[in-house]
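Should a chain be cited, it is by its letter among A, B, C, D and E, assigned in written order, with residues numbered from 1 in that chain.
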Amino acid sequence: MNTTRRDLFKFVGGSVVGALFTPAPWRLITDSALWSENWPGIPRPARGEIRTKFTNCALCPAGCAVRARLVGDQPVALMGVSGHPLSHGTLCPFGLTAHHLPYLPTRLKQGPAKEAAEAVSAAIAKCGPSEQAAVLDLRPGRTASWTYRRAMASVKHGLYLAPPSPLGGSAAFDLQEAKTVLSFGAPLLDGWGTPGNVIAARENFRLIQAEPLESRTASLADLWLPIRPGSEEALAQAIANVLANREPVAPFAALTGLTEQQITSVAEELAHNGPALVLDGGQTPAAMELNRQLGSLGRTIVARRETPVPESWKKAAPVTNLASVPDGSIRVLLIDESAVDGYLSWSTIARKLVRDNPLVVTFAWSRQGYGRYAQFVLPTAVYPEVFDDIPPAIDSVAAAFRIAAPLVAPPAGMVNPSEFIAGLAGLPAADALRQRADAIHKAGRGTLFTYAGAKSAALRDVKPDNFWKALNEGGCWLDAVDEKRRELPILPDTEAPGATESSDEDLPLVAITCETRAAAAPLSPLMSKLYQESNLRLAANHAVLNPVTARACGVAEGARAILQTRCGSAQIEISLDSGVPPGVVKVAAGAGMIDLCGASTPAKVVAA
Amino acid sequence: MKHRGKIVFLAGVLVALGAGWLGFPRAIYQSRPQPVNFSHKVHADKAGSKCEDCHAFREDGTFADIPSLDKCAGCHAAAMGSTVAEKNFIDRYVTPQREPPWASYARQPENVYFSHITHVKLAQVKCERCHGGEGSTDTLRPYQQDRISGYSRDVWRDMKMDDCVACHRQHGLEHSCLDCHK
Amino acid sequence: MFPWNYGFHWGAASYIFLGAFYTVLAVVATTVIFAVFRSRRALAAHETEEIRWHSDFHDLPARDRVCRHVFTGEFKSRECPHAFDCRLCETHAKLIAAHPPQQSDETEEEIFGMSFPVDCLYHRGHAWARPEADGTVTVGLDELGSRLVGAPDAVDLPQPGAIVHANGTAFHIHKREADVRVLSPVDGEVVETGAPGRGWYLKVKPINGQMDMRHLLCGTEIKPWLMREMERLQLALSAEGAAPTLADGGVPVADIAQSYPEADWDAVCGEMFLEP
Amino acid sequence: MTSEKKPGKTARYGMTIDVDRCNGCGACMVACAVENNVPPAHEGATDRKGITWIRVFQVDNGEDYPNRRSAFVPVLCQQCGKDAPCVSVCPQQAVEVDPATGIVGQMPERCLGCRYCMVACPYHARYFNWWDPAWPAGMEKTLNPDVAPRMRGVVEKCNFCHGRWHAAKQLAAANGRAIEAVDYVPACVEACPTRAIQFGDLNRPESAPAQAAKNGASFRLLETIGTEPKIYYRSKKNWVRQISSAPKLGLGKESSRG
Amino acid sequence: MDKEFIARGVKRCSTPRFLLWIMPWLALLAFGAYSAGLCLVKGLNQTNMDNRFAFGLWIFLDLTVIALGAGAFFTGFLLYILKLKELSAVINSAVVIGLVCYSGAIAVLMVDVGQPLRAWFTFWYPNVHSMLTEVTFCISCYLTVLAIEYLPILLKNRKLRQVPSFLVFEYELHKLVYVLAGVGTFLSFFHQGSLGGLYGVLRGRPFAFREGFLVWPSTFFLFIVSAAAVGPSFILLTTWLVEKISRKRLARPEVLQLLGRISGLLLSVYVLAKTVDTLIWINRTSPDAGFPAAQYYAWKPFGTWILFAEIVLFGMIPALIMLTPRLRRRTGWLVSAAAMACLGVALNRFVLTVQTLALPTLAFDKFLSYWPSWQETGTFLAVVAYGVLVYSFSFRYLQLFPEERELKAEVQQEEEELPVMAGRY
């Protein structure tokens, strides 16, 4: 019996018919549909006990209180703590997603700690008489900062540097007291100070926002003064003149692009609806002069006491403003980037370095910051892993002490910058936070706020160990409000920032940077919801131009272009918006953009 | 041969029926033994444990599922009896403090939100209603996993979604898919 | 889909929608099953040949399906309703009764130089049938058919004992690229097979006594039919691009296939042997 | 589909969003993504291919500088109360309204990704998973266990944080009672630093959205098409209230962002 | 070499030439299959569709080819139910076109859904209120019917019909084909309608939304009429095209003229209905939803010209041409009018799919544009190539035009009598 093709067909036909009466085909169809629910690549969230932990956010000086939701030991969501005296239950989008930061693909996993230590020691030994070994602390006022100061005091040629700060760290703005706030471009409602505090105070003051662009703050301000870029000082001068019944006003008004009448009414409001407060990004002399004139000092700008430190720490290097260091004098520079408040453009720092072969070591989570210029980049823990304190924010009237207690353990290979720097001077640094907590406890002032029950207790009633424990569970110590706080604060001499040079022929535009937060801090990939999957916030290397300006520059919507400033050039992607003033290019601060242009810089856009 | 075509056709039908009813149900599952030969019966009888003694609820109402090693180690830090199973358990898991990789038969798929407490506490459903006599078995069945869908066999074998729906419908509690799905 | 499916919902919309859906499925399935059933029955009843012819007949151009009574002038135009099976035709019966076919007196008739013996009955597919004295019927290709294929390359004859049906396949002829079946003029059992050289191909014995051959052309019908066939042949040859046409009234050469090498012989034969 | 039986005590969850308070920080958007296991953007994603169950749009009065005024409008599924355009169009009942809560639910496991519902939705509040969900290595540990990650090729959208609803229901059961409307708030509501978004049961007159519904400054998006959304917006600014109606030519053409 | 498969008496090009013809189409099909494969394996991110343009080229293609494929059901209806015998000359070709269009549409739909593995859910858990459910059911049922209708044409192949069971089955099935034609008419009727309803029910898209007529929006009926109008036109067009390409006469001019007349008649009905519908929509439906209709046409490039083109240029004008006997008799006019009618319906489908999605619905929405990616275009081209291939093979090996042989003979006669007029076509 030989098989024919016909038999084969019959057999196959029969098995097809037979198969239809078995569960197999139906099961395969169902199973493949089920498989599509969990095919490879779709992760399965871990299940486990849901727990709650409290900590404080270390991403910015606001130090907002955080309630973390954990599955087992893994944080899966961060939220604000309602009823918190400082942060009022608020968390910004950066803080809300901070539990993702340990898993950033760009994160540094290891670094040459030993080699760096040797190189630093060798370089310090080589320092010439007028050369110095400095630590640049991008968030001064921490316990770690005290460690750096102590270390620098005992290191030869040691110098402790801090970036210029608006009120010198010993005064604060009291928004609760203010009735009228005039802000020269300060992002008051967009992450300034302690956002929760600003929002809580917002209903009590009238906000006048003077800035060229309609920022997030400007759009919610009671009055937005669309002034010309760089004319803040002129406006301040004009208002000051109105207040003092002085002439002239008109020429200044012309500079700002506002009418005299607008300026007069603002001045009157400031004068008659007090207490008033004048803010700007860096507290320029003009703004401070206005505050003086309006009597804000002692009312809305008040002195703040220091958070106590152990007596033995007082022998420390002084805080030196980076601006006051002579150029070309620093041979060794250690930059602590692990906690960043304001990103300085590299050119301001580079100027201070010696010409020949300076040594720059940076402590950072990634290579994207100053690591681009440093010889050694040492990896540090990121926020939900770090064990660090957060100095009080600029709008915190009372001193405060709170610790960012780690929610997850840092991976192996991380370098603790304060231990590294203390090690250079042979100081022990391990339990500095505990020592400081004990010093605070010893001072005995103020209250301890514990989150679990949203309770406040007088510090006097708390035992030292319990205080330490409470701090590690996210508690917050708040200084007692000083009766003498109405005293005039002692303010540092603020020097005018390099006044915006009048724009020259070849750089006809003014570049204004926004989204500065995104430039420095690590960002959760979920922030792409704001920067990429919507255009709520301007993404890095994107620029917005008025259509008229764009036409003049020969660029179109979506085009790639080159932004040029005196410091260099970068590629940007253009979008058009007739709400941007002509002659202005609004750029997002991305990696490198801060180095290119400050708050507002002459610039030029050419088609790529 | 007159009926040759028919016979060949029928042979095809029979082969397919055989493969589909006998071979396929076996082939579709991947079998894996449980890490420890645990006897519910022994624990219920000798230790007098009730289900909720080990399979407890937490304060927030979540179900603690299979107890962790701590719970076992509470009694079994050292051998209590003389069974091989217990000795293996202690040697392999208790002493090195390693969680046994239990495979949960009734673990619901990722897209199902099953709340034990609403069923047990609010609706007074007995464990046996869904888990059958699992609590009085002497050995643990091997864990069987569908090779394609990856789901445990027992999620679907004894109780399908239709059974959930039938009971919910009976009690007027069937409102939407998202009642149980997430 | 089904009431036992999760999510099924009784309601007017589902009645209408699913009602229509199942009705459609049922109608389509019934149609197909019915067709399968009928075809199985037809196969079992050995109606394949009949169906093949009916199918072929359906595909013939309208002008090739004319009734034989058009040749005799009884109709101006009429399409055969019975696929050339006049035995079923009441009209034919009536017309025959009215005018019985006239027998030509000559024994051999010459038409266009071809011999069409009067003792033969002719099928529209160019086969003749001659009742023999022993009760059998001899079947062969008529002169036009023979000249068309000339000396065939091959002939597939049925085995003795095979059954042939009127209008079914009698035998196959291969010539050049053509492969045509010749329709059987009669029903019956093949008792003997001939060959091209012997002038006949089959000897057929009627299955139940009498052989009914009412459907075959005879007598005076033959000439007008043949004239029409000559026209068709001319048309077929010219349509296939065989340049020289038959001279009007000319006599076809003995081996047309050989004479028209450019012709699509398959098409020509198909046309003439009624196999579209 | 749902059973005919109406539950004894039904809720109609809704929201009120005070546009005048929204500062466009985006906390709601990321909190939503964290809560609902929405993956971060694929490198090819744009604002038109991303997944944002709630999305804050920057709207403006259509004027040029310096008369331009902007406002921020969070748009999420409007939880239509009547004739929800997405429900009836789904060919396989993957979209349904929960009669107990009024939440328009989307079942990703049932969805085959035909995207008809997205075409139907005038609020563009439905999102398609164009890519397989992917998190950087290790980050999948941070996923919320109460919400299942969706697979590629299905549509998803806001469901008023159903995972939280489940958890609240379970917690209520632990306390021996059924869930109440006040037992939970969605993640965006909790995360909003300015308290611009408030959540509640429209069937309770004292709830924030029920109060807002009566407020003269309140409006809903595209009320004229008759879908009865349960998200009430409000603003004291006249031009902001205009966004409830149909688009006008030229308005926000070049500048609408968000 | 494949001669034994080619019907007797018809002339087909040589095998190498045929291979040469199908080669580019095969290449296109392979490219398209690769594109579609990318979409299936990597997901729909390969397309340029997005959340706002959730339907793109493919849905437009589906709507269009199914409207054009309507010739199959409508010709079947006219031939088997209304007994317009002349149309038997093109019915086989119409069935092949229908099969190509419907199977192509289904193939594209399978790529278009995000989870093809679950496509059967629609059958298992249908939401009977959804137009898409109706579309899915009708399209798959009708494809089955078309496949069954195609079967007799296939089995009639010279080689296949030598198998007795094929021959007999074909014969018996063909006898019942009027039942299938009836069912097909019913299905296709609803299918065309539900495709129209697909957009007409979208309350959230006031540009497409049409008030209901019974349970259906008016687009439901407009689609049926327009498809019925354009189906014969498309058959006319393809027949003419195949005649040009194969350089043969395949159907009598009278048949084509009849098709044109039917098309013209229905097209004028459609134009009338569409005009009434548009007026009601402009004056009532759209303003009632809060959308003044004028604003739809204020977005460039979709000005009012598109409305004019749809109704007058590609509706009224071809209808008038095809209804004028003098013009209809001239092939140039007839074919151009048919092409215009086809274009008009394609434009209508384009407006309903692409323009609907491009228009903003919210005050702060943008007007969007969309351009298909190469993967999308490739998949689209694959359907075209697939259609051409199936049709080419069918034309070569099956009897698509039963009159072809007779016409060949007639041409021969005519040629003898009068010289071929240059540019007759």
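Criterion: a contact is a pair of C-beta atoms (placed from the backbone, for glycine too) under 8 Å apart; a residue touches a chain by one contact, two chains touch by 3 or more.
Bear in mind the structure is a predicted one, so any value in this text is a computation, not a measurement.
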**OP:** Please work out which of A-D and C-E is bridged by more C-beta pairs in contact, and write that pair.
**Re:** A-D
Original post:
Chain with the smallest distance from its CA centroid to the overall CA centroid?
Top reply: D
Subject >> Cα-centroid distance, subunit D relative to subunit E, in whole angstrom >> reply: 40
**OP:** Averaged over CA atoms, how far is the centre of subunit A from the centre of subunit C? Could you give it in whole Å?
**Re:** 96
**OP:** With chain centres taken as the means of their Cα atoms, state the distance from subunit B to subunit E in Å.
**Re:** 53
**OP:** Could you tell me which residues belong to subunit B and also touch two or more other chains?
**Re:** 60, 62, 110-111
**OP:** Enumerate the residues of subunit D that touch no fewer than two other chains.
**Re:** 1, 46, 49-50, 57, 93, 109-110, 132, 147-149, 151, 153, 258
Subject >> Residues of subunit A touching at least two other chains >> reply: 32, 35-38, 44-45, 47, 50
Original post:
Tell me, which parts of subunit B touch subunit A in their complex?
Top reply: 4-5, 8-17, 19-21, 24-25, 28, 58, 60, 62, 64-65, 109-111, 146, 148-151
Subject >> Interface residues, subunit D side, partner subunit B - complex >> reply: 2-3, 5, 7, 96-101, 103, 105, 107-110, 146-149, 159, 162-163, 166-167, 169-176, 178
**OP:** Mind listing the subunit B positions that touch subunit D in their complex?
**Re:** 57, 59-62, 110-111, 113, 115, 117-118, 121-122, 169, 172-179, 181-182
Original post:
subunit D touches which residues of subunit A in the complex?
Top reply: 36-39, 41-48, 50, 71, 74-80, 90-93, 96-97, 99-100, 102-105, 189-191, 195-196, 199, 214, 216-217, 219-220, 224, 226, 257, 524-530, 532-537, 546-547, 557, 576-582
**OP:** Name, in rising order, each residue of subunit C that touches subunit E in their complex.
**Re:** 1, 5-7, 9, 11, 13-14, 16-18, 20-21, 24-25, 27-28, 31-32, 34-36, 38-39, 42-43, 47-48, 51-52, 54-55, 59, 61-63, 177, 235-236, 238-239, 264, 266-267, 270-271, 275-276
